[in-house]
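Please see the structure below; I have some questions.
Lettered A, B, C and D in written order, each chain numbered from 1.
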Amino acid sequence: MSDASPSPAPVKPAAAEMAVELIGVTKRFGAFAANDDVSIAVRRGEIHAIIGENGAGKTTLMNVLFGLLQPDEGAIRIEGKDMVMADPAAAIAAGLGMVHQHFKLVPSLSVAENVFLGMEIRRNGLIDHAAQIEKTRELSERFGLRVEPTERVSLLSVGIEQRIEILKVLARGARIIILDEPTAVLTPQESRELFQTLRGFVAGGMTVIFISHHLEEVMEVSDTVTVLRNGKHVATRPTAELTKADLVRMMVGRDVSFARRRRERTAGSVVLEVKNLWARDDRRLPALRDASFTVRAGEIVGIAGVAGNGQTELAEVLTGLRPASHGSAVLKGRDLTTQSPAQIREAGLAHVPGDRMVRGVDGGASISANLLMGRQTRAPWSRNGILDWQVAASQASDMIKRFDIRARGPQDTVKRLSGGNIQKVVLAREFTNDADFLLIDQPTRGVDIGAQESIHDEIMRQRAAGRAVLVISVQLDELLTLADRILVMFNGRIMGEVDGDGADSERIGMMMAGVEAGAATGGAAR
Amino acid sequence: MEVLDKLLNVALLVATLRTTAPILLVGLGGSFTTKAGIFNIGLEGQMLVGAFFAVLGSIWSGSAFVGMLCGVAAALVFALVFALLVVTFRANEVVVGLALNILAGGMTISLMKAVFGTRGSIVGHGIVGLPKVQIPWARELLGSWAPLVSGYTPLVYVAFFAVPLLVLFYRRTRLGLYIRVVGEKPEAAEALGISIARIRYVASLLCGLLAGLAGAHLSLGYITMFTENMSSGRGFMAVAILIFSNGDPLRVLGGCLLFGFADAFSLRLKTFGFPSYLILAVPYAVALVALFALSYRSRPRIIRETLESMRKLLSVEPGRADADNTPST
Amino acid sequence: QGKVSVAAISGYFAQGFGVSIVNGLNKAKTDFGIDLKLVDTGNRALDYEEQFANLAKDGKYDLIFVMGWELVDALQKASAAYPNQRFVFIDGVLDSDKMIYANFAEEQGSFIAGALAGMIENKGSAFDKIGDGKAIGFVGGRDIPVIRNFLGGYEQGSKYAAPDITVKPVFAGTFDDPAKGSELTQALYNEGADIVYNVAGPTGEGVMQASAAADKYSIGVDIDMCSTAPGNVLGSMLKRGDIAVYSLIKDEVEGHKVTPGTRTFDLASGGVELKVCDDIAPKIPEEVKAKLDEIKKGIVDGSIKVAKAK
Amino acid sequence: MSDRLRAVYGQLLAVLFALAIGAIIILMVDESPVKVFMTLLRGAFGDQAKIAGTLLQTTPILICGVAACIGLRGGMFNVGIEGQLFLGGFAAAWVGFALPLPAGIHMLVGLAVATLAGAAWVAIPAFFRARYNTNEVVSTILSNYVAVLLTSYFTIFLFKRPGGWSETPPILPTAYLPELFSFSRLNWGLVIGLVLALSVAWFFRYTSKGYSISMVGSAPKFAEYGGVNVKRQGFLVLLVSGAVGGLAGGVETLGVHHRFMEGFAPGFGFDGLIAALLANGSPIGTIVTALFFGALRSGSLLLEVETTASREIITVIQALIILSVSAQVLMKRRGDSTAGERRWKF
C-alpha cells in the first residue's frame, strides 16, 4: 500500500482507517528540498517507524506535521480530515502530540507545572497548583508512567524527563504521538520499558510514530517502517516483510557491513593511567566517582553508558577543561589534573569533543581557521607569533581531500556544512595532530551510516599506528565494533569492564542501568 | 553615639524609602524583561522620556494623573521600539538599549528647546505634581514613626505594593509563568505554541509601563520639575540590581533598599563635610561592590547546591550502595 | 551707524543666572532692535574653540558675551586669534586686557542673605516655622570657586549679624539633580537648620521644593524665586545679569563703543541685591530690617569688608 | 567578499533611512532639513580648518572605538571606556604638570601613564569577569560614574590650579603632543589613532595571539578546548581595551587641552563604543564610523551658530542611525558578527 500511496487522490476508501496522511509534502530551505514530495500514510493503532540517514528529512517532516514548519507544497490529513497545521496549537487540537529529540522542559518548574504548561488549570484567574498536581498524579497512574508531580525537573534524570514529556502529550489528549529519536538517551532497559508503554498506547487505540537510527529497535517494535533518503520517500512497508539488511540498503542505497573489525592484539605500553578520579559537574554535584583504568598504546578502550553518567565530565577532566576533585590521570608521566588544556595538548592528547558545535568548531569561521585551532602557535602555521594563512589554507585543502569533507573549499564557513561534514572537520584536525593519545567522545553522533563507516576506519588506522585511543559513545554498537575493551559507566562510576571480543550487550546494558555485573572482570574497579 | 543618633533615625528611614522608590519602580519594570530573557539596558532612557512627557502632559492637561499617563505612554513607545528591534529584528540588546538611551537624552533636550525655548530644566510653567497621600490613622497609631508610612506621593506606595503583586504574578498567573518560561527555556515555550515573540513584547511593554511610572514619579512625585538627564544613572543602577537579583521581585526590593539606603545615608554624611564628589560616588560604588560580592561564587546558589548534594546523598545513594555491595545477576 | 549685532555663548542659559542674562539680551533686542544670536554650548571642552571661531571669524558680531569658566581657555585663544573682536566675559576677570569683564560681587549679596537668615534663625520659635536648631543651611551645586564665593559671603554675613548661629554647608556635587537637592535640604532641616540657601542651579529647584514640602524656609538665588514656594521663600539673592548685559548693549547702541576693562556689578551699583519676598516681608521684625539696611550701607561705603573666597 | 559588500550597502541604506527620519524630525522642530544637512556638511568639510576640526573630533572617537573593538573581538563589552578615558586624561595631565622630564620623553611617559591608568581602572571588573563571570557591561557602566567623580575629586580637591576653574595646572610644553598643522589643534593623536586601528586589525588577522583572542570572542568554549586560556585572554582583552581607553584620554589631554578639566570629554567613550559596534568590531571599519561621527559632531557646531536647530538634533540623528543599522546588521549578517550575537543571557 505504501509505495502506491498516490498523489492527491480524490477519494480514499479506507480514509478513517488512517490516522495520519501526508500527501506530497515538500519543504524547502532556500533551494534545498529537505522533504521532496513525500507521501506517507499511518494506520490507526500502529507503531510506525521512520528511518533514514542523517539529513534525510525525518525531523523536518515531523515538524511539518506538527505545525512547527510550514510545507511549501502538500497536504496533511488527520483521521480523514484535511488540516492546515498553522502552528503546534492546531496540531495539538487535532489530537497530535510530539516528544522532541531534545526535551523541552523548564528546569526550574515542577513536574506538574511542566505537564500543564500551556494549558494551566486556573481558578479565579490564578494557576491552581494543587489541582495540577492532582491531575498529573492521576495521569501518571493511569498510563503507568511513574513520576512525582511536585519534584523540580532540574533534579530529575533523562529517563524521567522523557516520561514527563510523554505525560505532557497525554495531558493534551493526544491520540497520535510522535517521538523523535526517543531512545537515543536511554539505557536498553529504559528503552524496553518505553516500548512497553508505547505498545500499551496502541493497544488502547492510539497511534505512535517514531524516528530512530537503531535498526534493531525498529525491527523489534514497529509494525510499519517508512524509509526516507535525501528528502525523498523510498518505501513504506510492514516491518515483518523486511530484514535489517533491507532497511540499510533502502536507507543508504548500498550494502554496509556491520561486522566487527578484525584485529590483532597489539596493546603496548601504558599511555594513560587514571587512578581514583573524582570530579563535580556544573551544579557542583559529584559526577565522576572514583574512576580508575588504563589505556595502552595500540588499543581502543571504549566507555559505554547512558549520556549524563559522568562520561562528559571524565572527558573534560582528561582534557583539562574541568578540575578534578581528587585522583590523578597520568599521560606519559604527566599528571593531567594539574595541567592546562594547552599543556595537555602539548603532552600528546588529541580530543574529539562530544558536543561539536559548542566545543569542536567555531561555526562562523572558515574551515582553515577551524583547522588551525590548537596549532596556532606552532610552526609551520605560525612563526614568531605571526600566522601563515597560506600554509593553513593549503593544509586545509589537503585535509578536505583526505577526510572527504564535502565543502566548496578551505574558506567555506563551517556552519554551512552538514553535521557529518562538521564532524569530519573536527576529526581531521585532531587525527593529524600526531598525538599519542586520542580521546574521542561520540565519534559518530548524528553522523549517518555511510560516514560512520569511514570514521570507524580512520579510528582503526589510528590504532594501527600505535596510538592509545579512548572512545566514549552512547551507541553500544559502535563500541562493540571498535573497542578492545569496554568500560561501562553508571552514575559516575565505572561499573565494570568487558572484553571487546565476545562482549555481551545484554550484560553491558544491565551495567549501564546500574546493576553491577557479577562476573565483571577485575581490572577496572580496582 | 550622638553622631549615630543623628545619622540613624526615622528621617533616614523615610529618606531611604523615598530614594528607593524610583529605582524600585524601574527595577521591577526591568524584572519583566530580565525574566523574559532580555537584557534591557535601555531602562535609563525609558525612565527619562517618562519623566519628560509626564511633565509635558501635566502642563498641558493641568492634571498630574494625565501627566503620569503621558509619561507612561512615552515610555511604552520606547519599549515598543526596543521590542521591535530586539525581538523582531533581533538586533543586539546592548546596542539598541544604549542607542535608545542616547535618543532619550537628545530627544528630551530637543523637545524642551522646541517647546519651552530653553534647555536645562523645566520648572513652574504650571506643572502639577502628584499629591501627597496622608494616611489618617498613621499619626495616632505610630506617633513619631508616622512619616514612615504616611505622606508619600502615590507612586511610592505603588512601587512597594508592586513587589508582592509581582511575586504573585510570577507564581500564580499564566502570563507570569510564560514570561519565566520564555526567559528560561524558549524552546519549551515554542513547542507548546506559546509565542516567544509575543511574550517578549508583552514583557517589554510591561517594563515600559513601570519605567514610565518611575519617570513620572521622578518628575511629578519625587520632585516637580524636569531637568536634562534627570534619571542620572538610576536606570543603570536598576540593571545592576537586576543582574544579581535575577529579576526576582523580592531580591530586587532588597537590592533597591540597599541602594536607597546607601544614597540616603551618604547624603547625610555630606552634612558632616565629606567631599561631595566622593560621597556622590557612594551609591555607584556600593552597587559595584554588591555586584562583585554577589558574583563571588554566587552565594545563594552554593547553599542550594550543597543542599541538593546532601539530599541526593541521603535519598538515592543508599540504594546504590546496596547495588554496589550485592554482586548478583 | 549700522545695526548692532550681538552673540552670546554659554552652557548655562537655562539656569538661574543664565536666565537673567537671556532676559537682559531679549529686553535689549525688543528695546533696541539688535540682532541677537544665542549659542548654547554643550559640555565638551573640545568644541569650544571651533564654536568661538564660527562666531568670531566673520566679524559679524559687535559684541560676543561669554559666560562660564570652562569657556575661558577657548575664549582667550579666540581673543588672541581675532584681536578686533570684542568679547564680554561675564562673572569674572581674566588676565587679558583686551576683553570686557562684567564682574559680580555675589559675596556681598550673600553676606546680606546670611545676615537675614542668621537673624531670623536667632528668633527661634518666636518666628513662624523656626525651631531651636540655631543653624542655617547652604546647598551648593558643584564645589567650585564661584559657589564658594556665595558660601563665604553667607558665612560672613551670618557671623556678623548672629554670631552664635552655625552654618551647615553641603555641596550636591552636581547642578543637574534636583532630587538630590531635595534630599540634602531635608537632611539639613532634620539636623535643625531651618533656613537653607540654594546656590545650586537646577539641583537647587529641589531645595525650593523641599522647603515647601517640609514647610521650612529657603533663600533663592540669581533670579526672583519667591513664587517657587510661596510662604517658604524668605527672599532671593538677585544677581542681575540682565542689568549688566542690557546696560552694555545700551551703551553700544547709543554709540558709546564698549571698551575693554572691568565693570563691577555689586551692591552699590545694584548688580547684586537681596530681594525679600513680598509675602514674607511683613513678618520680618523691624529691627531686622533696620539691621539689614545698616549692613547694606556698610558694605556700600566700605566700612564692612566682604572677602571673596580665595 | 560580496557578502561584505552587500553588508556595507545595507548599512548605507540604513543610514539613509535614519537620515530620512531625522529630516522629518527636523521639519517638526521648524527647520529646513536641506539647510540643516548642508550646514552640517559645510561645518564638517567646508574648508581646511573645518576638515581639521572634523579630524580633531574623530581622534578620540577613533581611539575609544579601537578600545571597544579590542573588547568586542575578545568577547568583552567594555562600556567603561568613558571612565578609562577620564582617568587616562587625568593621569596624563598629572605627569604633564608634576613630573618635569625632557621633551619627548615627557610626552611618552604621559601617554604611558594614561594607558596604565586606563588598564588599572578596568582591572577589577576584568578580574571579576574573568574569574567569576560577573557581567562586565554593568560593572563597567557603574565604574564610569565612579571614575568621573573621582577625577572631579582629584581635580578640585587635590590638584586644582590656584585661582583656576575646575582644572589642574597646565602641563609643561615638554609633554605636548605635537600639532600637525599650524591652522588647527589637530595633532599626532590622529596618527596614533590610525596606526592603532591598523595595527589592531593586523594583530587580529595575522598573529597567533590575535587568532586565539578572536576565537575566545566568537566561540569561547571552542577556544578553551583548543588550549587557549580563556579566562586569562578575557582578562587581558579587557585590560588592553581599558588601556587604549586610557590612552584616548592621554591623547586628549596632551594633544588638545594641555590640562585636565573636570568633565572635559563627556560621551567620547560611548561614541567610540557605538562606532565600533556599527563597524561590527572591525578596527578598519571603525575608522570610517568614527570619521562619520566626528563629522556629525563637528558639523553640529556650525549648525548651532547658523541655524536655530540645536546640537541635540544631531544626537537624535546619531541614535536613529545606530538603531536602524543595528537592526540591519543582523538582518544581513546574522551570526557572522562577533558583536551582534545575542550572548546576554542570565
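The rule is simple: a residue touches a chain if its C-beta (ideal position, glycine included) is under 8 Å from a C-beta of that chain, and two chains touch if they have at least 3 such contacts.
The model shown is predicted, which means the values in this text are computed figures rather than measured ones.
In terms of the distance between Cα centroids, chain C is separated most widely from A.
With B-D and B-C as the two chain pairs, more C-beta contacts join B-D.
Chain B and chain D have Cα centroids separated by 29 Å. Chain A and chain C have Cα centroids lying 77 Å from one another.
Chain centres here are Cα means. That of chain C falls 37 Å from that of chain D.
Each of the following residues of chain C touches two or more other chains: 40, 142-143, 173. For chain D, the set of residues touching two or more other chains reads 149, 152, 156-157, 310. Going by the touch rule set out above, the chain pairs that meet are A-B, A-D, B-C, B-D, C-D. Interface residues of chain D facing chain B in the complex, by the touch rule stated above, are 25, 28-30, 77, 79, 124, 128, 132-135, 137-139, 141-143, 145-146, 149-150, 152-153, 156-157, 270, 273-274, 277, 310, 312-316, 318-320, 322-323, 326-327, 329-331, 334, 339-342, 344-346.
Within the complex formed with chain A, the chain B residues making contact are 168, 171-174, 177, 180-181, 184-185, 187-188, 190-194, 302, 305, 308-309, 312, 320, 323-324, 326-329. Note for the complex: chain A touches chain D at residues 319, 321, 340-342, 344-345, 351, 353, 358-365, 369, 372-374, 376-377, 382, 385-387, 389, 415. Within the complex, the chain C residues that touch chain D are 37, 39-47, 49-51, 53-55, 69-70, 72-73, 142-145, 173.
Those residues of chain B that touch chain C in the complex are listed here as 6, 9, 11, 15, 18-19, 22, 113, 118-121, 123-124, 132, 218, 222-225, 227-230, 232, 263-264, 267-268, 270-271, 273, 275-277, 279-280.
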